[in-house]
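Below are two complexes that have subunit A in common, paired first with subunit B and then with subunit C.
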Partner chain A sequence: MAQSNFDRRRINGPEESYQPIFEPDEEVDSRWKPGSPRKGRAARDIRPIFLQAGLINQANGSAYIETEKTKIACAVYGPRQSKTTVYNEKGRLNVEVKFTPFSCTRRRVPIRDAEDRSVAVQIQQALTSAVRLELLPKSTIDIFVTIIENDGIEGCIAAGSVAASVALADAGIEMLGLVASCSTAVVGEEIWMDPTEQEGHIASGSLVYAEQAVKCMEACQECCTDIHAVMAQALLETAQNT
Partner chain B sequence: MISFASFPSTSEGSGSYTNTRHHPKIEEDEVGMDLDEDDFEEGTQRLTVPGESITSSHAFMRGHGTFVDDEEVIASVAGTVERVNKLITVRAVRSRYNPEVGDLVVGRITEVQPRRWKVDANSRQDAVLMLSSVNLPGGVQRRKLESDELQMRTFFEEGDLLVAEVQAFFADGAMSLHTRSLRYGKLRNGQLVTVPPILIRRLKSHFVALPCGVDLILGLNGYIWVSKHVKESEQEGEEGFDAEAVYSNKNDSIDDATRIAVSRVSNIIKVLAAHFVPLTDTILLEAYEWVVEQEGNVKDLLSDEFGETMVASLGLVPISLLTDVMHTGGF
Partner chain C sequence: MAAQLVSKSERAYIQASLQATPPLRGDGRGLLDFRTVLLETGVAPLANGSAKLNIGKMPHEGGGGTEVLAATKLEVEDVESGDGVDGGRVVCSVSWCAIRSIQLEPIVQLTKDSSPSAYPHLSSNALDELQYDLTVILQQTIGHPSLHPQNLTIIPRKKSWLLNLDAVILADAGNAVDALFMAARAALWDTKVPRTRAVEYQAPEDSQTTRDSASAMDVDNREAIPTASGFDTREMARTAADFELPDYWDEGEVLHGRERWPVCITLNLLPPSHFLDATPPEEASVPLRMHLMYSFASPSTPKLQSMRLLGPGELNSAQIKSYISEGEKYARELFNALESKLREEDVRRNVKARDRFAQR
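Up next, the complex of A and B:
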């Protein structure tokens, strides 16, 4: 097994390795019990968002988003001419998601896997309806989403689409609107907004909602309004500074 | 820099949602604000984001960067709102180049195809340079023969830089270029500097000869060619149209003083672009004289500190602070 995964082109770690011993977190100790309220914030609270556009110079547009332990960088290249010779009246939106090896609690092998692709597909679905692709014949927009730190895959999809949408706006690409997105999880009787990875484990179901898309939906919609304001603010500040 | 961390961290209870909205600083109407006609007064500047309603579509017409939905003009890009009479446009700060017929562009050949070259000109699609729209050796005007088609790579090869003019558009919006002037053609004896296209303004002439022995070609697509000065009399004349010289891949010999001048001008352009100062020949000339006075090393130009001093001491303003120069031709 180890031999088959051996990649000579990369710097490989030692054959035997041990996990470093960390001081146990307080949160890990205090397990959530059914019926007790959510730790740290109210059920309908989202994590604070830091969002800035235009941090990657060589890209046509870029954005960086941070919601506590979820950290995502997004770069947009294009619209540029598609490499394929087939004529296409509408533009294409390519989304590529990459996890850094240190993004999760377990090390991720730097090879694309099924999870990367499913995240990419969901982000692409959230964005496609918002981008005015009919104005970009023969062109491709490449979106590269790098997940630097992952705290819950639902949160990554939501934050990834928020960052990608701001990066598209930063690149000056025509859109019908900004895509705000928010995740939610059903834990016990309650609806918890923007769950972290630990909270995701105890949830009985989760939902990612992207505006421009029941109770969970309503809650998400309100959060999306808030997130939209943050996105607008970030873009306006970038425009102001340039 | 923004960080919204205004919610109480100890709100453990099931407090009503309205009390725990996270971004109380931003009122609804601040984001989705509507414009009255007064807001469009000359000299004021308004920023907008995609999806934001700008004004009613009854009173105004939609221009670039906007669309109409539900009787409202809505922005589709992030940038500054501009108004010319009844026409509302939104101009993005960092968008790709939008070509117009007659624009001077600098481009790079990406592909050689039957009877045409594909040129990267920083646009949404590759530009096309037809074999029929270049000057060929042996007389400026003549029919293109099969032999010309076979030796297209002797004129332009992949990777060659050229200066051309936008001639027309194809049905799908791709631009067609032409080099049917003695000023256009292959570029040599210099280096390319890339800046955001919004920083290049339409000038009387985009061929600028600085007195320091440097020629500039300010392509409207944001590509700038900085090269050694060629004397008017030594330019390839109409009479002795010399294919060898026009399509040559060899640089002339360039002395050290010219090399320093070329790199100094390139660095000045890079610094001005980093500070989002729109480029004109007068600004470049002032900046060049100022830099020569400072007697610094050419490479020191690129330090943040030096750049800021230069922009400040020349009193240059970034593009976002300039208003209504776009369409009214304020220069």
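Up next, the complex of A and C:
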């Protein structure tokens, strides 16, 4: 029984599709046991960051961030005139996030949904206090974040805010400071920084106590100073090259 | 959540009066006072659990206040071929009812043209976004694996329950998020999961046994085991193909883990002070809001389930720590009040109803 295609603007593939079955390259991961150490890095290590600004020429400012399997591109257009006729004395920050259909394990429909919006709200929350919006009345700054590959939604939000912050700096918009962010997960008894999607699934099983939340925040703060150094370095290199 | 349009002078006026000594609020409350909360459970008879909550209803004018209706509905899902997950899953959604016109058409519709009664000043795009925001807050906290109830499995690895929690905001007069979580907790408390029994179908054998032939044979005379245990070596647990309801009229057993559902407390932060239960102009005048969701499963150790910051303000980590500990105190009071009310509702609906029926 054929269902009607709701998406008429694109060429639709077959209604049902299955992942191809092929020989796994590496060994099948054994189930993580509580108490065993993290695979591949220490508990407090974040994934190595590749960050470069100025890759998209058409935009006022742009940045591309890659941390192992998470790849995010960010473009900033602005400040440009607000389309609304309402006078706003402070500029508006408009963050739009898009997950490409091939970014997650299961294909995402290209239509905007709640997850796009929740990531956008978090990134906007992080950036609003850092940008000097009072210098830009009647203007809007549009930030478009495209998630090319997604390995853990918390990692995406963190990397997305880092990329957006560098892109804003690349666009020459005045800010109070660079926004660095990172995510943590509580796995068993330990705090693991920058969890991947798999680690995020294991971590969801644990409970969060209030003091653990505070410890997580402190661990994040230490990491953020390192990330800040990386961001500043990337911007410096771009400025020196142009 | 939806920022009411408030002018600069109004905002400055509200902020100045909140920071004065003694702090003044528009309706004369103290900074930490809540408005009257009215709660009723069992309002939707077709739902598995429901609750209606109203914060700040004015008795003289007979209306007003933030009103939220929450209801849970259980659906059966197939684990192998459908979206089901072994162990069941919980999905939340928040919406609002739209009323076209009050006098002529009392029919409630949800159309893009009419504006919802709760947010008449918002465009449909802004409404969609507000809906996403509230849904995500509710879903991420309530759908978290640490709160997952155990008895949502029907047949292990084959069929499970999908718990749909739908909340409808009928009116918003400030503090909608607290109201949502309280109503959600009450509806989940009230939810009854129907008891099921696993059933195995066997084709009639050719041999001359006197066993009842044809269709269904009850494999399990007790109720089906709600959770799949790895130590279960009985054959029937694995070959059970379908289930039945042993008693159609039985509402079922309560949802497991109902003492774990969290309550939310919203602290409106206006450094150096903070206040609870804001009205819409107060919400629009405050630069930062913090939502804290606490779960009080065991009275001595509360668990912070989630925390959200909203608004263009900023905080440092020392302030965050102090707000978390203060929020815990307020949340505990809110939780105790809600608990006693829920138990009272339980008594009203079950014990008193039975007594009235016996005396008729």
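Structural remarks
Going forward, the second predicted complex is superposed on the first by the 221 of 242 C-alpha atoms of A that agree within 3 Å, B and C clash if a C-alpha of one lies under 4 Å from a C-alpha of the other, contacts with A are read in each partner's own complex, and residues count from 1 in each chain.
We adopt the following convention: a contact is a pair of C-beta atoms (placed from the backbone, for glycine too) under 8 Å apart; a residue touches a chain by one contact, two chains touch by 3 or more.
Source: prediction; values computed, not measured.
Of the two partner chains, subunit B is the only one touched by A:81; subunit C is not. Touched residues of subunit A were counted for both subunit B and subunit C, and B has more of them. In the superposed model, A:41 lies in contact with subunit B only, and not with subunit C.
Once the two complexes are overlaid on the shared chain, A:114 sits against subunit C while remaining clear of subunit B. Of the two partner chains placed by the overlay, only subunit C lies in contact with A:125; subunit B stays clear of it. Contact with subunit C, but none with subunit B, is seen for A:221 once the two complexes are overlaid on the shared chain. Annotation: subunit A has no residue touching subunit B in one complex and subunit C in the other. The residues of subunit B lying in touch with subunit A in their complex are 1-7, 9, 11-15, 17, 20-23, 26, 28, 31, 47, 49-52, 65, 67, 69, 74, 76-80, 92-96, 124-126, 172-174, 276, 318-320. Those residues of subunit A whose C-beta lies close enough to touch subunit C in the complex are 114, 117-118, 121, 125, 128-129, 204-210, 213-214, 217-218, 221. Put simply, subunit A touches subunit B in their complex at residues 37-46, 48-52, 54, 60-61, 78-81, 87, 89, 130, 132, 136-139, 169-178, 190, 219, 222, 225-226, 228-242. Against subunit A, in their complex, subunit C makes its touches with residues 129, 132-133, 135-136, 140, 144-146, 301-307, 309-314, 317, 320-321, 324-325, 328.
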